[in-house]
Amino acid sequence: MKGIKIVTIGGGSSYTPELVEGLIQYYDELPVRELWLVDIPEGKEKLEIVGNLAKRMVKKAGVPMNIHLTLDRRAALEDADFVTTQIRVGQLDARIIDESIPLKYGMIGQETNGAGGLFKGLRTIPIILEITKDMAELCPKAWLINFTNPAGMLTEAVLRYGKIKKVIGLCNVPIGMEMTIANMLEVDSSRIHVEFAGLNHMVFGTHVYLDGMEVTAQVLDLLGSGKVSMTMKNIIGLDWDRDFLKALKIIPCPYHRYYYKHKEMLEHELEELKKTGTRGAAVKQIEKELFEVYKDPDLAVKPSQLENRGGAYYSYAACRLIRSIYNDKRDIQPVNVRNNGAIIGLPEGAAVEVSCMITKDGPKPLAVGELPVAVRGLVQQIKSFEQLAVEAAVTGDYHLALLAMTIHPLVTSDVIGKKILNEMLEAHKKYLPQFFR
Amino acid sequence: MKGIKIVTIGGGSSYTPELVEGLIQYYDELPVRELWLVDIPEGKEKLEIVGNLAKRMVKKAGVPMNIHLTLDRRAALEDADFVTTQIRVGQLDARIIDESIPLKYGMIGQETNGAGGLFKGLRTIPIILEITKDMAELCPKAWLINFTNPAGMLTEAVLRYGKIKKVIGLCNVPIGMEMTIANMLEVDSSRIHVEFAGLNHMVFGTHVYLDGMEVTAQVLDLLGSGKVSMTMKNIIGLDWDRDFLKALKIIPCPYHRYYYKHKEMLEHELEELKKTGTRGAAVKQIEKELFEVYKDPDLAVKPSQLENRGGAYYSYAACRLIRSIYNDKRDIQPVNVRNNGAIIGLPEGAAVEVSCMITKDGPKPLAVGELPVAVRGLVQQIKSFEQLAVEAAVTGDYHLALLAMTIHPLVTSDVIGKKILNEMLEAHKKYLPQFFR
Amino acid sequence: MKGIKIVTIGGGSSYTPELVEGLIQYYDELPVRELWLVDIPEGKEKLEIVGNLAKRMVKKAGVPMNIHLTLDRRAALEDADFVTTQIRVGQLDARIIDESIPLKYGMIGQETNGAGGLFKGLRTIPIILEITKDMAELCPKAWLINFTNPAGMLTEAVLRYGKIKKVIGLCNVPIGMEMTIANMLEVDSSRIHVEFAGLNHMVFGTHVYLDGMEVTAQVLDLLGSGKVSMTMKNIIGLDWDRDFLKALKIIPCPYHRYYYKHKEMLEHELEELKKTGTRGAAVKQIEKELFEVYKDPDLAVKPSQLENRGGAYYSYAACRLIRSIYNDKRDIQPVNVRNNGAIIGLPEGAAVEVSCMITKDGPKPLAVGELPVAVRGLVQQIKSFEQLAVEAAVTGDYHLALLAMTIHPLVTSDVIGKKILNEMLEAHKKYLPQFFR
Amino acid sequence: MKGIKIVTIGGGSSYTPELVEGLIQYYDELPVRELWLVDIPEGKEKLEIVGNLAKRMVKKAGVPMNIHLTLDRRAALEDADFVTTQIRVGQLDARIIDESIPLKYGMIGQETNGAGGLFKGLRTIPIILEITKDMAELCPKAWLINFTNPAGMLTEAVLRYGKIKKVIGLCNVPIGMEMTIANMLEVDSSRIHVEFAGLNHMVFGTHVYLDGMEVTAQVLDLLGSGKVSMTMKNIIGLDWDRDFLKALKIIPCPYHRYYYKHKEMLEHELEELKKTGTRGAAVKQIEKELFEVYKDPDLAVKPSQLENRGGAYYSYAACRLIRSIYNDKRDIQPVNVRNNGAIIGLPEGAAVEVSCMITKDGPKPLAVGELPVAVRGLVQQIKSFEQLAVEAAVTGDYHLALLAMTIHPLVTSDVIGKKILNEMLEAHKKYLPQFFR
């Protein structure tokens, strides 16, 4: 028997031990015989550190999983069953730029939203499309499971311009919401079922069920009580107004704070910048320390310090997704896929984040119908932004990039938007050859 | 513990032993403590015969399920958990009229399609809407699971005009297709997964998977080979043209023969009428014999003769549906529900027959997207027919009934359609008070 | 001043004197300085006969319009302002085949509907697409005004596959309906305004206004009275059922008889075939006689005999369309154009026949909204047929042609549809090279 | 002959002389015999001043138009042909509140957008719906032509909840854009044709034609040149970024500055507030002076000072609309009507501002198709806001009002939005009984 071959592009990431831990735990249902960790020459050192830790972990766990480390992506891809991507074009220094320049002009500076998210997309989309070219040639039957941000934009790009169509965008936001809800209700998460609908980092929990009975209103009330908080490592947990949640009737995701608390989030970011610098800089420090820990030749498990990094449940989300595809489980998981009419009003071919039945033939979205009238416009606007950003990334068209920038709700001026665009294009020039031909 | 209470309206039906057999088999997962069989005074004798058989079956099986027989529907409905309906307004004599009059005018005479289906709908919709009134009052949390034909039209009527919204239309056609496909491929049906989309008796298998891998083309080829047949007891199994199936790319249901083999089906019906009379008359004879068998006080299982009656897999379909709701199973089953955008192009509020995830909160349709261009129009036309028929049934408006009749693809003349309408209105006058006010 | 240059492809048609008469009458608003009549070598004789008549007409009228006769299409097209097409691939002999073969198998045999319309489309679409290639090169700013049948299918083909996008399909059916309605109401047609919506030869008058006040119900009542008839030269004027029209609430076009009186129309065609042969054969005889008349060197006006040929109002329709484009009139005319959302539920890019504002920038459809529920399915089915037929014509794919054939409502059997397809492919082989590669 | 009867509700408005001037100019095509100016008791003095001026104007012009002044709305409405509404619930003091409170919390304070527009809608919708009740009873055939702001929201309210359906919302923004464009291009406005699509105060010029040839790109370039400005009296004419306009490809309306220059507009408003107070206060002063002028018994024409008030072209827009309806002109004008599918993606029943053919049967929108991807989301979001605001106005539901407030793009915080809501509800309590039951 051949066994499963997984290729992880950006394998030198600090998250890799998470993934390896998950693959070990799921081994019975998901017999991975080969895990190829691929990285670029600049990441060689990290790849070796993290790769050696992975080897120690596997050995200690006693599972027959072979870990391969390589800088040769094409060699790795051959006959892969699953390809996961967790790349960061321009590394954390690029992120720091994405966060700093918009803030300098008084606009939100954030990794995956607004001007910052736009540039992360512009840098990353060409690379992900190249990966799909290789896959079409070397492993045409494999699934591409993309963890890289901005995951919605990247899924959209692959659906529209990729050489393969078997792509799934994966984010830990929905699973984190499910877990928080279970905690709030003080029940095991297996008793909770949340219906998700929206876009990546713009997803809503539209209905929550406890043992099959709807408890959405109760969850909204708890969430508005100020006693619990649902957030991510990288987003400050500002409280929601209880009446607003009651009026909204659906559960916003942590990132919705950028939209419904735009003013406060901007003020907070400006303060933080003064006090402690960007999130990117903080992460850079965390990563540095993490890799020191990883180097320890006696370490053969995922170290607890990884939790500070964020990314909770990523490993769980990834492993249960791959497992359900591999075993044709037909269970329900929230992922980023082709809309296919699931959300009325969004293009049939657009990437959306919705609850899907996971089968060997891929995720099949459940029909959402119309989104609630209150959120329809915002969701469409972000989708429009993503569509224009993808077009801009593929064509290198300056005006398309300007349009994407300006229509984003977190960029509140055409004139300033253009200044930000110009300065960021210059700052990221090295990673944006399509704009400088 | 209270246990589940099921109420079966039309409990004196010859199909009831099927249902009872199923409930016995599923008892572990579906602990039914009370089964109320309800019928109308005209059906009292049959109710007693079949009810006593049911009691003997339960006793022999040793399950603690109480069978109640009653003519008092409202008494039965109180606090029910599930209400199933299998009624036949006007009994088989009305069906014989539905089949005969259209044929006299050279048009298809069929129980659930065309002029016959229209009149079955006109007679039955007011009754089903009355049942929903009682349910709203007496068991507002119960699910209405409707087996009565025309199931699509009835589900549409309840969705639009019913006093309750928890309704599911159930038909054995999709499950029969799944079983036939499993037989064709010579595999156990559990390894087969078929995606269904369309309307009741106008449903297509859009994708077939074997162990998660698509095998649709292979199934179409087998189906066009003339070696196997996929049909129902009441539909002659005329062979499909292999090239047509290859061109269609999706799997038609047995009833599609009325549309894609209209000419042959009409010729066949006219011949049969001459040779052996209507299907209704044949069924009447089968039923008569069946009830003789049922009377046997030594009989305590479903007799094998029931198979001649048709309705294969009804019991299985019903029990697995109720079980999955009761247990919040979240498995996939094809049922008739509110579209909710699952099929693009059909109204969001229309009843459609699609693969759904079955939860305690009811069925959640999987997104189908656009139907293939080749079938879009036909499906819309039948849905238009159903919408107009529902309006006509509710209002008693002659012109709406005439419009429904004339636009049906199986009625190929406005002038003759009107003659059929007039003669059928007169023939069914007793059951159509709304048209004679 | 340059003056307008019109090129008429298929200029040797018997209809040409109609067009010339119109151009003479409209000369003040539409100063045509050059009219190029183009035909193929097989049509050289007719071209000369009709061309010489045209020259005599122009001379007698005293307008400075130059008539050019040529077999060199590319020479003619250079710098044209408007190109009209009235071609007949395979001439009337092909039409006779289109009408005969389906009838032999008991199906409607008609020039533009059903199996016959399908084959007329398959033969003509490649030619019209070639014309658009020449236009893109030689007169890219010109409008293509297509009179050739099946006009809906051809417009669809050009919109999807043409090298130019400035195309309008023109039919005399809507204008004929308007004129008949004016006659019925005994008022001048200028006081009547009809809103049209649907497809070519499947168009409905959705609202009729007299002096701006709605009179649709009155018109329907008159039309169902049996005292007046609205039809075309080539369609028998079978009466509509008055109650059906009242129920329908919108005004069907003459061709709708093939759908709502399918049975009677088929019986009538079979009878006629026996009695007098096909319509194509009759037209052939009429044309022969017409050309004899045209030869008369003393004839310098459109002869009255042309009226037997059909095509009433074509000249009027064509001239007022070209005039309104040329003069940016912004008046309302029913033409075949890109849907652009005018009819909800049909593809945004599909060809539809709707009331449009006619501007120098082309026709701008008025928003229709949803078609009435009663006709939605039939219209979608014909559109589906057209879409598949266009695909088949462009690709030469046998299975697509079979699918188009079988889903057409006038072809009521998959098995017989295939026989008709096979026999017609063989009969028209010469004109269908794309199917015989 | 009866002659036309027009009723103007809010007849004591300072704009009335505009309207009267227009009616005098258009008298030949629009023979108004009775003009009823209606107002409420609080407006009696103004009504008399302006009414007497109107009488002097009519007398001087020598047209036989009778001016009636009344406080009895129902008496006035009887048998009216057209009803125009130009009311201001709470007068200018309410406007000052609408502008001040949001600004106090750092949010845009504007008459028709954001929090201010919301409250203007909440106050006015109940009154406009009462007017439709009277109309349904007293002049059911009349057209309601609403000039009152927020005109989009009010049209939406009447379409959804009004007792009459013959409603048109009218704004001078599109006509002002057309005039500015004509000025820019230095041509007479009759040679210009602009296609409009969007919502009231959120409308775009999607295509501009000069003599029928598209010149949109040229217009955008001029508009971005900084040499010309397209704005309204009440909106500062901040320059558009030339590249942004080039990227957008369609022409924004003056109000779009609040969205695409949100930051600058907010800063400007805050500055202005400090320097000169609200726009409402300024208008109050202008009005005071105007009415002094109106009192002059020697004045018998519209005084030139009215121009400072804003509202340019209102009279022209109103008169040409009424004239085209009355005369069934079938010309093209941009108005607010039921979408009817004209803009794909917005609800079929929603109010939209689009180019329409104006007929005796009302405006018929031209099909727009999909809005450009860049603006789809913003337009949908404002439509969502309007829909929720209408629901809130009709129900008096606090949570709906909070939801409308919070989702508006100009309100950038749930917590602050709630504070604004609470303070404004209290401030306008007298005019919002539905929220205090």
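Order of writing sets the labels: A, B, C and D. Residues in every chain begin at 1.
By our rule, a residue touches a chain if its C-beta (ideal position, glycine included) is under 8 Å from a C-beta of that chain, and two chains touch if they have at least 3 such contacts.
Everything quoted here is computed from the prediction, not taken from an experiment.
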{"item": "Distance from chain C to chain B - Cα centre to Cα centre, in angstrom", "value": "44"}
{"item": "Chain centre separation in whole Å, for chain C relative to chain A (CA means)", "value": "55"}
{"item": "Per-residue multi-chain contacts in chain D, two or more chains", "value": "none"}
{"item": "Arrangement of touching chains [line / ring / star / complete / other]", "value": "ring"}
{"item": "Pairs of chains satisfying the touch condition", "value": "A-B, A-D, B-C, C-D"}
{"item": "Complex interface listing, chain A residues touching chain D", "value": "106, 240-241, 243-244, 246-248, 260-264, 345, 373-385, 387-388, 398-400, 402-403, 406-407, 409, 412-418"}
{"item": "Chain A contact footprint on chain B (complex, rising order)", "value": "193, 195, 207, 209, 211-214, 328, 330-332, 339-344, 348, 357, 359-361, 364-370"}
